[in-house]
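First the structure, in the form of structure tokens, and then the observations on it.
Think of it as A, B, C and D in the order they're written, each chain with its own count starting at 1.
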Amino acid sequence: MMVVMKNTATEDQIKHVIEKIEEVGAKAHLSKGKYKSVIGVIGDTQQIDREVLEGFLGVENIVPISKPYKLVSSEFKAEPTEIKIGDAILGGNHFAVIAGPCSVETEEQVVAAAKAVKEAGGQILRGGAYKPRTSPYSFQGLGVEGLKLLDIASKETGLPVVTEVLDPRDIEVVASSAAILQIGARNMQNFTLLTEAGATQKPILLKKSFSATIEELFMAAEYIVKTGNEKVILCERGIRTFEPYTRNTLDISAVPLIKTLSHLPIIVDPSHATGKRELIEPLSLATLAAGGHGVMIEVHPAPEEALCDGSQSITITQLKELMEKIKPLAKFLGKQGY
Amino acid sequence: MMVVMKNTATEDQIKHVIEKIEEVGAKAHLSKGKYKSVIGVIGDTQQIDREVLEGFLGVENIVPISKPYKLVSSEFKAEPTEIKIGDAILGGNHFAVIAGPCSVETEEQVVAAAKAVKEAGGQILRGGAYKPRTSPYSFQGLGVEGLKLLDIASKETGLPVVTEVLDPRDIEVVASSAAILQIGARNMQNFTLLTEAGATQKPILLKKSFSATIEELFMAAEYIVKTGNEKVILCERGIRTFEPYTRNTLDISAVPLIKTLSHLPIIVDPSHATGKRELIEPLSLATLAAGGHGVMIEVHPAPEEALCDGSQSITITQLKELMEKIKPLAKFLGKQGY
Amino acid sequence: MMVVMKNTATEDQIKHVIEKIEEVGAKAHLSKGKYKSVIGVIGDTQQIDREVLEGFLGVENIVPISKPYKLVSSEFKAEPTEIKIGDAILGGNHFAVIAGPCSVETEEQVVAAAKAVKEAGGQILRGGAYKPRTSPYSFQGLGVEGLKLLDIASKETGLPVVTEVLDPRDIEVVASSAAILQIGARNMQNFTLLTEAGATQKPILLKKSFSATIEELFMAAEYIVKTGNEKVILCERGIRTFEPYTRNTLDISAVPLIKTLSHLPIIVDPSHATGKRELIEPLSLATLAAGGHGVMIEVHPAPEEALCDGSQSITITQLKELMEKIKPLAKFLGKQGY
Amino acid sequence: MMVVMKNTATEDQIKHVIEKIEEVGAKAHLSKGKYKSVIGVIGDTQQIDREVLEGFLGVENIVPISKPYKLVSSEFKAEPTEIKIGDAILGGNHFAVIAGPCSVETEEQVVAAAKAVKEAGGQILRGGAYKPRTSPYSFQGLGVEGLKLLDIASKETGLPVVTEVLDPRDIEVVASSAAILQIGARNMQNFTLLTEAGATQKPILLKKSFSATIEELFMAAEYIVKTGNEKVILCERGIRTFEPYTRNTLDISAVPLIKTLSHLPIIVDPSHATGKRELIEPLSLATLAAGGHGVMIEVHPAPEEALCDGSQSITITQLKELMEKIKPLAKFLGKQGY
């Protein structure tokens, strides 16, 4: 951590900063430039809160040198984390396809979707029972009833289920149905939920908020890993930008970047990122080529009847066509299991 | 609501959309253009989920004509909502100053800040007992202990307290100390929290997420007002942009816009919006001139000792100086009580 | 085009809008909703300036139904445009690799880079002679001298050259060296430059501004195609977002979207989009998998000595390694010429 | 400037960076941290291009300590620059109102607007003769003919004129009519135009691009001031964000920030920032309260007939009402001349 002092900073202000640094056991290293002084902090900077130092008089800004995340970092653990769920492995040299409806609506719908996913070669079933909806007037999900339908679909197909949990009080019931607990983009910084979901020691699918930076995603994952649970699957689902053609802008660069910076697997959700079903195929293939560990795709037996996100759901036929492109490409790229 | 069909849409696809619209009791009104057909939906469009229609084949996009929010709209209730809290009124022709430390740290600190706020002419004390922190390694607030310190400070000064609640399970204990429950920016779309906090019938200070649109803020407020509680104070605290000089970009236009579109009061938090104490004064005065109903400001007896957000907290002396500018300007602008 | 009237709009205001529409020969189609009236404009809406109608009293907003661009649209010309340059074809089922240094510095440097590009299998040489630099204190390019060095490198290798033109007065001299004129991101809306460069009838490489929407890119290309020159190569090079890890955020969705909406070829510049050399390979492969028509990559014989953008330039060895991945993948995906 | 090395950087790579720094006459100061080494650069860092060092192997990133701009900085010149134009002064303790139509259309229109501006108490007339338009099918301005109409309006009222120049080849003719040359947002980084307009030694109104940072605005202004012309008026006109209610988001914080960082005057254009005429008044008053040096407002005798930007133009009556609020507030705030 470097503390950059204002060019108007007094000797006393510099001294005061140095004292604070040494107070917590770190070493301060003063470097006087032509215009400004910079104080390097050497030692365990975890002990020093950046925001505390920013409040000191004479301080212009703080430049972090070490990364603020630790347990999720590839510097902490070099070997990629692989998470085994049913027949699927997330991480390493694997590529998993998670697919299913946006929200669970009827037994018929979710079972049809699950069978299609299984048949096409997908490994994990997704489906929402609890839905966070911008409008209080929109369909909010079937809740516990939806979980039961997911159980049925899972039993029929053998596919493990990933489903979202919104409220810490629902973790127990959701965890009894789900092989993977999903923390949605809107809850990425719901720190209580992160901690309590992590504590179940179940795999957690953590979606990046559409307004979060990669570093903030890592800090959110850090909350989970800190509970002793390193089975965290990161998911890029688009960031909010000024481009109106797509719902959000898929940050494809996040895939190779996260693979460099962290040991955790990173997958992509092209359905939510774009909101357009015609983009699912090219973006799924791009994710695979960019080195991603999987995709999560919305599929609905009858998108026109979907109670949410119909425009971004692909049909069962389209899913089959997509898998017929993913499989040979995954094999060509040397992915295991293809 | 207008449904714009693709220029490749078939007669059958158009018919199918019209049937769906009429199925829920609305009227469809087809208009064939040179290239494209547009279907107007007349009647109660609340019954028709936009996302459902978007999933239909042949649909290019949906153009909402009515606003998706209702209870918070100035079309629903023209008269501005005024919320009385202690000596302060939020809304109408009033201007309230809410001030206090980012987080409650010690009795000495919070009492000193409260006395300074009272003396300078502020009307409401702010202070965080539960802190949502990006890093699991940062100070997370004193919790219940902090609420007790706020009680002491409130009793000493007579100032009502606003403090944040993060978890639905804490609503009861927070509500026993707080005159106003704050829903923070990160929880703006935590719909369970909105609903359960609303149900207390206490005034709610709802902060706009740094990634939310004004319409999404209204939809979040709609969740609260739907519980029968219209005592909602909206708060603009900056949006995330590419400008690095300030932590976020204060959207000052949101103030007059929200006053036009809604009956709810709108205040500004310049401290979190900018992260820079030297901007608090000009932005507070700008908020007042733009017609805002108040400001929420971080003040700390010793910003250098603050456990969070020191760089954006002003000192007690600076608070006094600021109030000496706010008061005559509020009077000049005809605000009541000045 | 639909004109949405305010719910407070008077009969007179509605009448006035209808008159204006009919004045220019279009037909107005009034649809009275529960709360609001909407006026559909049928006929040649090119005759009606959206901004003019927006100024009318009682108008809430204008919803365009037709796209504002015409000549670049796939609705205007369904068949993809293919542009032949030297041995390369841009568009259709081809994938071109354009590579070379950010700026031309010395004969030795540009010739070494050109030979490496040729040897590795790249088809077009890039290199900047005129450089738009944020700082007046940065290296501004060699100008005419740089063009001469590009001529030498082109002659030595047989590679055609793409280079940027900044000023309409330089078009002639740049066009005498370049097979393709580049309009940089900062000049995407320099409409004089677009028109005058288009008029040369040379192929134009048009880079998307980091702050432009896809529609604005199309409108800029429309300026060129309107001169009778449809040899326009669109280039996505990242948009400005709040994510700090990369210089900009590559909008990979733009690739398949542009292929759907336009007949013009679309390539990607991963070097400028990210500013990080370790991302060039995964993003180039992602571009190929997403259906892009090519990539433009910075390569430098000695990136440490580069006068600009060293951190994003790959070495000659890295270029070879990249091409050894691009070539088999292009072949696998059925691209012609691989 | 601090060069942060990767934690994998070798001794040789560190040595290589130090040599490069010392090669240009600066001093390198190595500080070895627990994980990483940081090299401080002391001396004239203007000599060292940040991008060059970023290209070195082993370098993680460069942290600038000094600001990249010089001549426009308040560190270079502490005293605020005041620019006298006709009866108006821009800068210091003055507040100027610039008003007029978006584009010059007819003699009648521009003279009516000019008289209204004069009568209401505005000091400078704006009006576009050359219009940069996103669409090649939109009205592009009257050109030289428009300049003549501005001359007439200026003579009739005595108001000095500000008008935009788009092309370096038009500078001479525009400068013969205009008291102030305007560089539009789209041309903020047209470095040739900046330099050649600056060289006229006329006052330059430089609009901030909707995608530019404050630092980039300063760098653009630096191009002008470097020609020996420090008569530069900066203008904030909104930045592009994800908020759709307003055309752009006015960054009001830029006003006090720029006043701290630079000696140049800073004004606000609420018309282009928001695109909504009902926001002009509150944002003009907010600008005044935040310490801005002026506003630039679109006014049209008949906004419904305007050939561009009608929705954001206020009427002559509204201009008078606005001035009746600006004048007493400016007086109350102690602005000179009110």
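We take it that contacts are C-beta pairs under 8 Å (C-beta built on N, C-alpha and C of every residue); 3 or more make two chains touch, one makes a residue touch a chain.
As the structure is a computational prediction, the values presented were derived from the model and not from experiment.
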item	value
Which of B-C and A-C has more C-beta contact pairs	A-C
Between chain A and chain B, centroid-to-centroid distance (C-alpha), Å	26
Between chain A and chain C, centroid-to-centroid distance (C-alpha), Å	31
Mean-CA-position distance for chain C and chain B (Å)	39
Per-residue overlap in chain D, given as positions that touch at least 2 other chains	211, 240-242
Pairwise touch network: line, ring, star, complete, or other	complete
Sites on chain A touched by chain C in the complex	211, 213-215, 239, 241-246, 249-257, 260, 273-274, 276, 278-279, 282-283, 285-291, 328-329, 332
Chain C contact footprint on chain D (complex, rising order)	16, 46, 49, 51-57, 59, 68-69, 132-139, 166-169, 186-187, 189-192, 209-211, 216, 219, 222-223, 226, 240, 300, 303-311, 313
Complex contacts: residues of chain D adjacent to chain A	2, 4, 7, 29, 31-36, 38, 40, 42-44, 63, 65-66, 75, 240-242
